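Okay, got some structures for you below.
Shared between the two complexes below is subunit A, which pairs with subunit B and subunit C, respectively.
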Partner chain A sequence: MTTARTGSATRWLRSATFSEGLVFCLLAVAPLAIPGFAGGLGGQVTSVLILCIAALGLNVMVGFAGLLHLGIAAFIGIGGMTLAILTVPTNPLEIGFLPAVVVSLVVTTCVGMLLGGPTLRLRGDSLAVVTLVFGEVVRVLLRNLEEITGGMQGLGPVPPPGAGVVIAGIDLGRSFVIDSRWFYYLALAVLATVVALLHGVERSPLGRAWSAVREDALAAATLGISVTRVRLSAYALAAALAGVAGCLSVASLGTTGDPNVFGFSRSVAILCAVILGGLGSIPGTLVGVTILFGFDIMVIPWADAWLQQMQPQAWTTGPLTLGSWRLALVGIALIVMMRFRPEGLVPSRRLAAELHEVHR
Partner chain B sequence: MNRWRSSPRRTVSLPQADIPLLDVGRLTIRTDKTVLVDELEFDVTEGSMVALLDAGRGRRTAVLECIGNIRPASSGAVRVEGHRLKRAFTAATFWGVLGTGLLVGLLAAAAAVDVDRLWLATVKRGLAVDEPFTPATFGKRIRSYFRAELAIDRLAGNWRIVTADGRKVLAVRRDLEEARELRHQLQAAVTARRTGPGTIPDLSDLVGDANEPRRRLPLDEATFAQLAGGKRLIRLRGWTALGAGMTLGIALALAFWQRGRRSAQVAARAGVARTFRQPRVFPEMTVFENLLVAVEQKRDGTSWVQRRSGRGGATPTEEADAWLAWCDLADSGELPAGGVSWFDRRRLELARALAIQPRLLLADDPAEGLDSDQQQAVAMLLRDAQQRGVAIVLTAGATGPLTEACDRTIFLERQPAR
Partner chain C sequence: MNLSSFFQQCVIGLIDGGVLGLIAVGYTLVYGTVGLIHLAHGDVVMLGGCLALFALSLVEPLALDPALGWLAIIAVTLGCGFCCGSLNVAIDWLIYRPLRQSAPLAPLVSAVGVSLILMNVGMLWLGSTDQAFPEVLPGNVKLAAGLPVTTADLLVLSLVLPAWGGLTLLLRRTRLGRSLRSVAAVSRAAAQRGGADQFLTATFFLGGFLGGVASVAAGIHTATINYQSGYQTGLYALTAAVLGGIGSVPGAIVGGVLVGLIRSVSTAALGPRWAAAAVFLMLIVILAFRPEGLFGQQRRAGEAG
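Moving on, here comes the complex of A and B:
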């Protein structure tokens, strides 16, 4: 066959696998070089990494399987809440971090398939509406089932992974709390695993079946592909990944917080990040989340602090901040982006081919 | 995808002399206004090539769509090897439907009995009185909730005697033992009322707030009747919701199954492949991937791992390469399938349909949009497929190289007897 499958050294160097590996290596050594990682910076980067996992899940649905999903944050919420319910000391269950993560994965996967089952025949707009409403229903449920979920206050304190485990004189649980590098490495390891897994799935028969069903469901069915199973598997995987992200997020914050953060705006922000990076592209999703949420979580606070320092004391009005403008900035960036590079920053090969054909 | 358990299917079927591969009996297709096909009858034997000739495009396509399970027939039957292309009601279907019903029923029941209050009563209330959380205590508390028994709750250091769902406070005590004793008396009174007409015991001096002696909490006739009726109410709500939810869930699951029963996928699994008048390749996948995805759908009992490693014969990649060479597209294997010419897409679609190793190929207007040389080439491919043992039913608007290659021509309009 042609060059694509034989491969060569230069090809490999340019490939997404290589650049992703390089980025992950750099991220792994970053805390050693940058001292701020033990404190606030580490926490901020960790939240971006966790959002990357959820966005990769959404990418499976929207990018790989072509099912527009506007309720991904609900699964983050369900995953995180399940973990919290099973581990917080105010509940008698307290089954420990790892078993709780496993249960939480099972729960999110099942809920994902429950959502998927009745909506398999819907596509496009109607599916978007159903997932949107589902997301809102989950948010309202999480808020209103006060005895179970703690209502607006959320559940807490969620013990960190390895609480009470002492290995070689290091109290794992305590280390996770006092040094944010621990959570950083945990999130990085999970993210790397997820990326490797998704690359594998993308090239597997299942990944090709997703593409086939996305591009032409009827033609795929005439080949004997079970459209139902293929779509359900996308729902399940997306929900499971969002559940992992939820677990990590809740564990790193130590509380579920207000369930309202698992609402529509978070879902749409993640969807924007996926589209910004490039639908159906794994490195694209990572880049999109890093830019969109990195900007929101890291750059804006830093820039505001800097602006405040730069302003003369004599100004009597409140300090000029970027914070209140951040959504507008993101919106403008997205509009410009969609106009000039609709396939995203790091597009998938297929999407780029399709859109460029249109442009020609 | 072979890793997924595939439903048991006949992989080897002996050709039987009396049962034709495809048997179309009195097939009638109506649209809202017209009768497209009226009582069409024909059969196709193993490995033969048949042309359906008709001037009406919609009519030709409709027949193929009926055979390939894409549209339902108004009446009549299509049988492949004597079987109708329907998914059978298996044990898995039964359990799936039942499981769905049970799940929907349980969700409805959880909503009806107020799952939030149930959680409070079964999981959290035990913590207040320092009761260990074990399956036994959990079961006891669940039973207590569904009997609507009074319970003891804790708020700001006080013990409160509350209804099972914790919504109504009957008395407040500072001492746990005292509260337990009072709860016992109150419960006895409520139980007595449940079993008989019983009168309200004179408990008014007991019901109140120990911190504020002048504050009397209510235990009037209405409250008492409500407490006594609580058990019936909660059970009625729970069972009704469970029953209604299960009925609804089973009905929905059955309807869902019924709709998916006749689908193109079922036909494909039974060995009926098809191509379309406008070639429906997967445009964003490469030509090679189009074939690979089809090869991977072939079910021959080997697992995905076995085939990947080549232990079950050729690997999918090798097989797809072979099909690529078969349809003479080896040079454009890495091009997106949407970008190749109409002729190439036509050939690719043919190869893709054959790659699932069907026994019958339905080709919808394979000559459409091709010049006569290209039609010759497609006819060569089809004849080759026929030699591999695939029966072919193709449609055409007029005679040409393709119809000439066929063993038999059926004119839809005239509808000759068999």
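Moving on, here comes the complex of A and C:
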């Protein structure tokens, strides 16, 4: 990221900014180029994009600030649930989409800092366990407070953004419901904004303070960096980004769904995606999420549908479907990655350099 | 909740806690020596339970008399302990050992990977529904009217208490035990100083063996098993280990008993769906005041956070 801008065209072509820009441009034209995108595929890609936002938040915690966090999915849940509580027609509040998103972000950020406060004294691994059990507590609360959260059924229907707003003869709310491309573009725009923002933060004094605290908290403190404040800001940003992802996810699905989704396994899956892509690397996070969740959301159903076509009777259930080997496949991929490329697929240059300096 | 049912919950919680503590020792031993949260440990225990389910369902139709049935259970327990210990050692050799010098999070992510694979094996073995654990001995018989202890509880105790006793003897009387305690008490450097590899193998085997014993005890205690029970029990056991101070064996015992007590009392008072929240909140509160856990070592100033 910090390469000197020598004006060399090739260097610019190889830079992360360029390749990220190219990918976003391709994603922006994809719905126009791919037939049938508005059907199932659009929704699937949208959910991967939304998970990317949450994963970028986790990357701030784990990659930038070096705080192991195993409960990020809880913040997706809190964000989504707050939005649902504030907008569902059966509730008296109904404050509209945008105000609800703002409140939801404030809530997730505050909860994030609330978790951050008492846990700042903990060592790395104890912190990981506390974030883990915190996530489980949130999941249990979301599931059990049925009067507020709807319990296992979840809360819905959540009205789409811009419900009832008509601009130039187009009913925004209806368009969001009818055509999945609207949510796709919304998620893409938010993701692009977040990526640009995080690149900025990475280079800012705060970003440097994060890496200083990550490498050596004591040394950073002697340089006058407030370790507490720097760490808390990582908690806050991570929680807020996960909250954004939660809002988008709930809005695009129209319901919060079963809160058990926001449990440990989702948190760990997001963490694995971040590490798979490359800890501390923004493009790496995007690649990791795309591979891990793309595999889960898109490849496995496709492959199983294909297998089913080949052998309609025998292969519909049981050990002959790819779905029943899903966990093991992900597990093997993680182990192999950690063994042969622990820095991730698209490593941040700094972390890769450190790893090879120490262990070569 | 009246006094007698409170007393009853306490007894259930103590037995539950004894089992959890055995699993928690597996986490604490590995953490104390390698410095790794062995997240796959719960799933190793779950596979031990699968094995016990398989072996005991062969024994069940024979309708053995109590003494023989008890011997069969002991034999299965020892077998499960041996298999889980070996599995744990295999995981260490194949997965963790090549990563000793690697990036800080690589072993943890690999542990997640192992956990997913084992869970998948359990899912293919058991299917995705609850399986009833075979009752070789009649379990649900009250020992005496008014006493809250059943024969199943006694059976669980007859597995858990010898395991605890054996572990205590091992830690106090043998060379391995002394080095384990010194490592847990001083630092990981002690492990790296002498005979590291054999020592670590013994650690993983011991943790796995206790987990295998616990898997049979847990199966009898809860009467069901499914492929996710390793993850659920593992989470409680990990909570117990962290609560007691991860790396400390007495801490794991005390943590296990505490978690068991809180779980059973909150189940009775608030309903089973709140038990998890009660246990985990207790962990967060205790760690907020005592970050190193109840029996953990105080962190020295300047140690990297």
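Keep this in mind: the second predicted complex is superposed on the first by the 343 of 360 C-alpha atoms of A that agree within 3 Å, B and C clash if a C-alpha of one lies under 4 Å from a C-alpha of the other, contacts with A are read in each partner's own complex, and residues count from 1 in each chain.
To be clear about the criterion, a contact is a pair of C-beta atoms (placed from the backbone, for glycine too) under 8 Å apart; a residue touches a chain by one contact, two chains touch by 3 or more.
Note that the coordinates shown come from a computational prediction; the quantities given were computed from them, not determined experimentally.
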item	value
Partner chain(s) touched by A:E343 [first = subunit B, second = subunit C, both, neither]	second
First (subunit B), second (subunit C), both or neither touched by A:P205	first
Partner chain(s) touched by A:L334 [first = subunit B, second = subunit C, both, neither]	second
First (subunit B), second (subunit C), both or neither touched by A:T90	first
Touched partner set for A:M310, first subunit B, second subunit C, both or neither	neither
Touched partner set for A:A221, first subunit B, second subunit C, both or neither	first
First (subunit B), second (subunit C), both or neither touched by A:I167	neither
Contacts of A:R229 with subunit B and subunit C, given as first, second, both or neither	first
First (subunit B), second (subunit C), both or neither touched by A:P118	both
Contact residues of subunit A, present in both the subunit B and the subunit C interface	118, 144, 216, 218
Sites on subunit A touched by subunit B in the complex	1-5, 90-93, 114, 117-118, 144-148, 205-206, 208-209, 211-212, 215-216, 218-229, 350-351, 353-354, 357
Subunit A residues within the subunit C interface of the complex	62, 68, 118-119, 121-126, 128-130, 132-134, 136-137, 140-141, 143-144, 216-218, 264, 268, 271-272, 275, 279, 319, 324-328, 330-335, 337-339, 342-343, 355, 359
Partner subunit A, residues of subunit B touching it in the complex	1-2, 4, 68, 70, 100, 103, 115-117, 119-120, 123-124, 126-127, 132-133, 252, 256, 260, 263-265, 267-269, 273-274, 276, 280-285, 288-289, 292-294, 296-297, 299, 304, 316-317, 321, 324, 330, 333-334, 336, 338-339, 352-353, 356
Residues of subunit C that touch subunit A when the two form their complex	31, 35, 37, 95, 98-99, 101-103, 105-110, 112-117, 119-121, 123-124, 231, 235, 238-239, 242, 246, 273-274, 276-277, 280-281, 283-284, 287-288, 291-293, 299, 302-305
